[in-house]
Amino acid sequence: MSQSSSPVEFRVPPVDAVALETRAAALGTRSIKRAAKISGLKLAVAMMDLTTLEGQDSPGKVRQLCQKAKRPLPARDEVPSCAAVCVYPDLVPEAVAAVAGSGVAVASVATGFPAGRIDRAFKLREVERAVADGASEIDMVIDRGAFLSGRYGEVYDEICAVKAACGAAHLKVILETGELKTYDNVRRACRIALLAGADFLKTSTGKVSPASTRPVVLLMLEAVRDHYLETGTIVGVKAAGGIRTSKDALRYLVLVNETCGDLWMTPKYFRFGASSLLNDVLMQLEKERTGRYQRPVDFSAD
Amino acid sequence: MSKETEKSNDAAAASATGSHALQFGTAWQYESATEGTDHFEIAERYDLFVDGEFVAPQSGEYFATINPATGEPLCEVASANAADVDRAVAAAKAALPGWKRKSGDERARYLFRIARILQERAREFACLETLDNGKPIAETRDVDVPLAAQHFFYHAGWADKLDLLFPGRVPVPVGVIGQVIPWNFPLLMAAWKIAPALAGGNTVVLKPAETSPLTALRLAEVFQQAGLPAGVVNFVTGDGATGQALVRHPDLDKVAFTGSTEVGKDIQQAVAGRGVDLTLELGGKAAHIVFEDAAIDQAVEGVVRGIFFNQGHVCCAGSRLLVQESVHDLFVRKLARRMERIRVGNPLDKNTDMGAIHSAAQLARIEELVAAGVDEGATLHQSSCELPGQGFWFAPTMFTNVALSHRIAREEIFGPVLSVLTFRTPEEAVEKANNTSYGLSAGIWTDKGARILWLADRLRAGVVWNNTFNRFDAASPFGGFKESGFGREGGRAGMRAYVRLQDGLSAG
Amino acid sequence: MTLPVAKTYKHYIGGKFPRSESGRAFQPSGNPDINVTRGSRKDLREAVLAARKGLASWSGATSYLRGQILYRIAEMLESRREAMQAELRLGGATAAEARKELDAAIALTVWYAGLSDKLQTLLGSQNEVQGPFFAFSTVEPTGVIGVVAPDGPALTGLLALVLPVLVGGNAVIAVPSASAPFAGLALGEVCASSDVPGGALNIVAGQRAELAPQLAAHRDVDGLFVAGKPDAELTAAGADNLKRTRFCTLPAKDWRDPKLLRALSWVEPFVEVKALWHPVAP
């Protein structure tokens, strides 16, 4: 595809990296204690896209994951289910069956995840197939090659095409910020995805380091906030990859809470893409409940 | 001006921001995270620190210092009269020959040791500063105390390298130095005045501010702990009269003062003709210039940091926002929204962004100027935050439709009050920024490097922050142009102000 | 024999040579035929206005250009050696003293000419601050500076105070020796043929006791550099706009000592240190 159908110039304000990082760091010093900590951690569980994206993934692994997502801490009813499980497309049927009736959604990565270096026709086919198999959320990757060589229109067109292929499924657009490198690039990629109809902006595949960082998520939150103020449309943000501790999760929630506010403080509009984070959050919740520090071995690995 | 008027003005401003409003504060609220204060004690009464010991004032008088966040007294502090000042200066004078004689590296070791003790006792100093001053614990913990320690560490390194700093010249100590500091950064100001003085081989009598003397007195304990020779640093507490007695003392070789321009002028007159060296760090009315190509969201943060840091009790506060007309409305909307997010309240709460106004007198001054702003026709925007019932408080405030001739655009408010003006061209921005008798600091927000350097060259201010604001460091000189004073603190230029070079020149 | 053309000694203000608006003159040489225009408060007012204008062009010039102009002053002093020595002799110097003083004046001017483009190197710095910032300091002129020269030596005394102020990029209003103003006023003639921008250096002759307090009290004068012991009244008057005020307490015998006059620390009181911060990021 040589000519973009986009009539839009993807102009964005510049981003000052040091000041952005300063703000993210300042919000990182918020002290979240007691009841606020407990409610924050429960919210983090409810916002979690429990993820497995490995070559070794199997139906068995996915069933385990789904069980964990449905009832993260079986003995404690007050701990909510995760928002979704996130799997490769071929395992969507397995996941759909495993979560049926639980309220946990199935998200599928698609479009040649994680590199996205396949023909667009295959990408769309993959999306259609995952949706047909029951995925209600699609996590696509943008074409970073096109983006970094300045072919923004192509990136836009592809997101539009994937969005169309999604039908009723929600589209999360993975910017892979670790490959975009600069905040200016991230801000522009946000703009492109927002204009192309993304339901969520997602930081990373988890396969590139750095994955999610707080300054990047702050920047994405500012982008969706301004988009909402301009258009009235709420687009969600998913911080994915590299978030492993409860403390991290709470710091991300602070960013959401103080940048976008109440409207985004829900699994509908903010998600964590993570795997090992869940058990750390559960350990912290148990510590808060019992007053004792916990040990990992008491929490189910999957 | 009633509270109702303020709030309704604010509501009007909020409704002008568009139909899709954000909501905050109900989905997830933080619990208070109050820093404990049981790890240290405040004595009922503090004496003067003279000649290495705490001594009762000859005046026999004491005054209360209060916690601005509650209005409750914390303790009593000695009131030094002229005789007390005399005794302190005599102690400093007696200590001078011994201190001068010490080698540079010996002086350095004392300063390094003081820096280390301050770091070890950081939490205690942060809490005490917050109690006595009213500023948030997050600031005392992350700014005031670490920077104070850095000033001792930094200047320790100069003590034995003065010959490298002034090649071909022979630096000698100035002598006995009288220092008077304000209440807005009590420990930090004490540190950045005392550290270079000691590094240069001088001895000191310092008067902390009447309303925030406690961290300086605790610093005296640190000096004792570090084994600093008696009389090298002396503290006399008291009000303006004590300060007057100190700066006019005939045995001083230098006066260093941070405070109002009015008092600075009085001091320059008072010491005139005596050859007394003088460093004055005075008021400001800094311009913060935002261009349409700026990183807008970060500029908003910078402007917030510029005016609401330390409740706006900052001489270099970015109190005049000059925003390019093309982005004025957008910027003001963003700023108004951001102002609402500032957490005002208990300074000991680690999540507090803005603490208490330091004193009843300062609150009255802020209220007077804000009322003047309303009277003169500027448009008031104020955060709808709840203010505590006791103590001294003022909500984050912004004026739009401000003219250069308004009092709020010319006078230093020294509070959380921003005046927004507009400009159209870089030339106009420079002209407006410089259209003040002050010249302490300025801020520039643009993505264009060439324009930054062009502006930085033309702004008549001692510190120019480009795409940042209110940054401080012992290695960077701080001080003003014009009526913001003269002399520098920090860096090479700051050290220069604490030695003489035997060059045949004399201060006025 | 043709009647010699006598020179009228006039101010040097804004690149021109006006008489005092007061119409007054004085005769410092004792010769009633040699009149020197006697400056007034209003002359100083005009000089301040001229200096403000001169400041813009002088401080706006590159350091290299300012250095070349100062060197040009040295060249002009050299080429007018005879005339300048005559002015010094008129002020009371012997022929030998005049020759020695002119030598010293030229040498001092050359020293400052070469200092011009090294001030930032010598007084500026890169500041090693914490955090991702490139921070540096520069020095900038204070503005319009009043200079009150010692009574003698007539030329080096004036130049010793004027040059460190000029080299920093300031504009100067100088009051030369009252007892021997001739060489000082002739310096104006030298400057007028040295590409010194009009108003960068202004010379107003007159009585020190009359003019110095006026300079001190003028709110648009940013600094004062005065030969002599600290003078409480001058400093106190200057405090109204926080004038940077320095006194030069050298005894008369030291005014030709190059070691003392070639001093970076004479430049420092009349430059302002500006600290700049800029973030560093990809």
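Note that the chains are named A, B and C in the order they appear, and that numbering of residues resets to 1 at the start of each chain.
What we mean here is this: a contact is a pair of C-beta atoms (placed from the backbone, for glycine too) under 8 Å apart; a residue touches a chain by one contact, two chains touch by 3 or more.
The model shown is predicted, which means the values in this text are computed figures rather than measured ones.
With centres taken as mean C-alpha coordinates, the chain found closest to the middle of all protein C-alpha atoms is B. Taking each chain's centre as the mean of its C-alpha atoms, the one that lies farthest from the centre of chain C is A.
Chain A and chain C have Cα centroids separated by 69 Å. The distance from the centre of chain A to the centre of chain B, each centre being the mean of the chain's C-alpha atoms, comes to 43 Å.
The geometric centre of chain B is 37 Å away from that of chain C, both derived from CA atoms. Counting partner chains per residue, chain B has residues 467-468 touching two or more of them.
Chain contacts: chain A has residues 16, 18-19 touching two or more partner chains. For chain C, residues that reach two or more other chains under the stated contact definition are 131, 133, 279. Chain contact summary for the complex, chain B toward chain A: residues 17-20, 22-33, 138, 142, 293-299, 301-302, 341, 350-351, 447, 467-468. By the touch criterion given at the top, residues 150, 169, 261, 264-266, 268-269, 272-275, 280, 282, 437, 452, 456, 461-468, 471, 473, 475-479, 481-483, 485-486, 488, 491-493, 496, 501, 503-508 of chain B touch chain C in their complex.
The residues of chain C lying in touch with chain B in their complex are 123, 125, 127-131, 133, 135, 137, 142, 222, 224, 229-236, 238-242, 244-250, 254, 260, 263-266, 268-269, 272-279. Across the complex, chain B is touched by residues 13-16, 18-20, 22-23, 29-37, 39-40, 43, 222, 225, 228-232, 253, 257-258, 260-263, 265-266 of chain A.
Partner chain A is touched in their complex by these residues of chain C: 131-133, 279-282.
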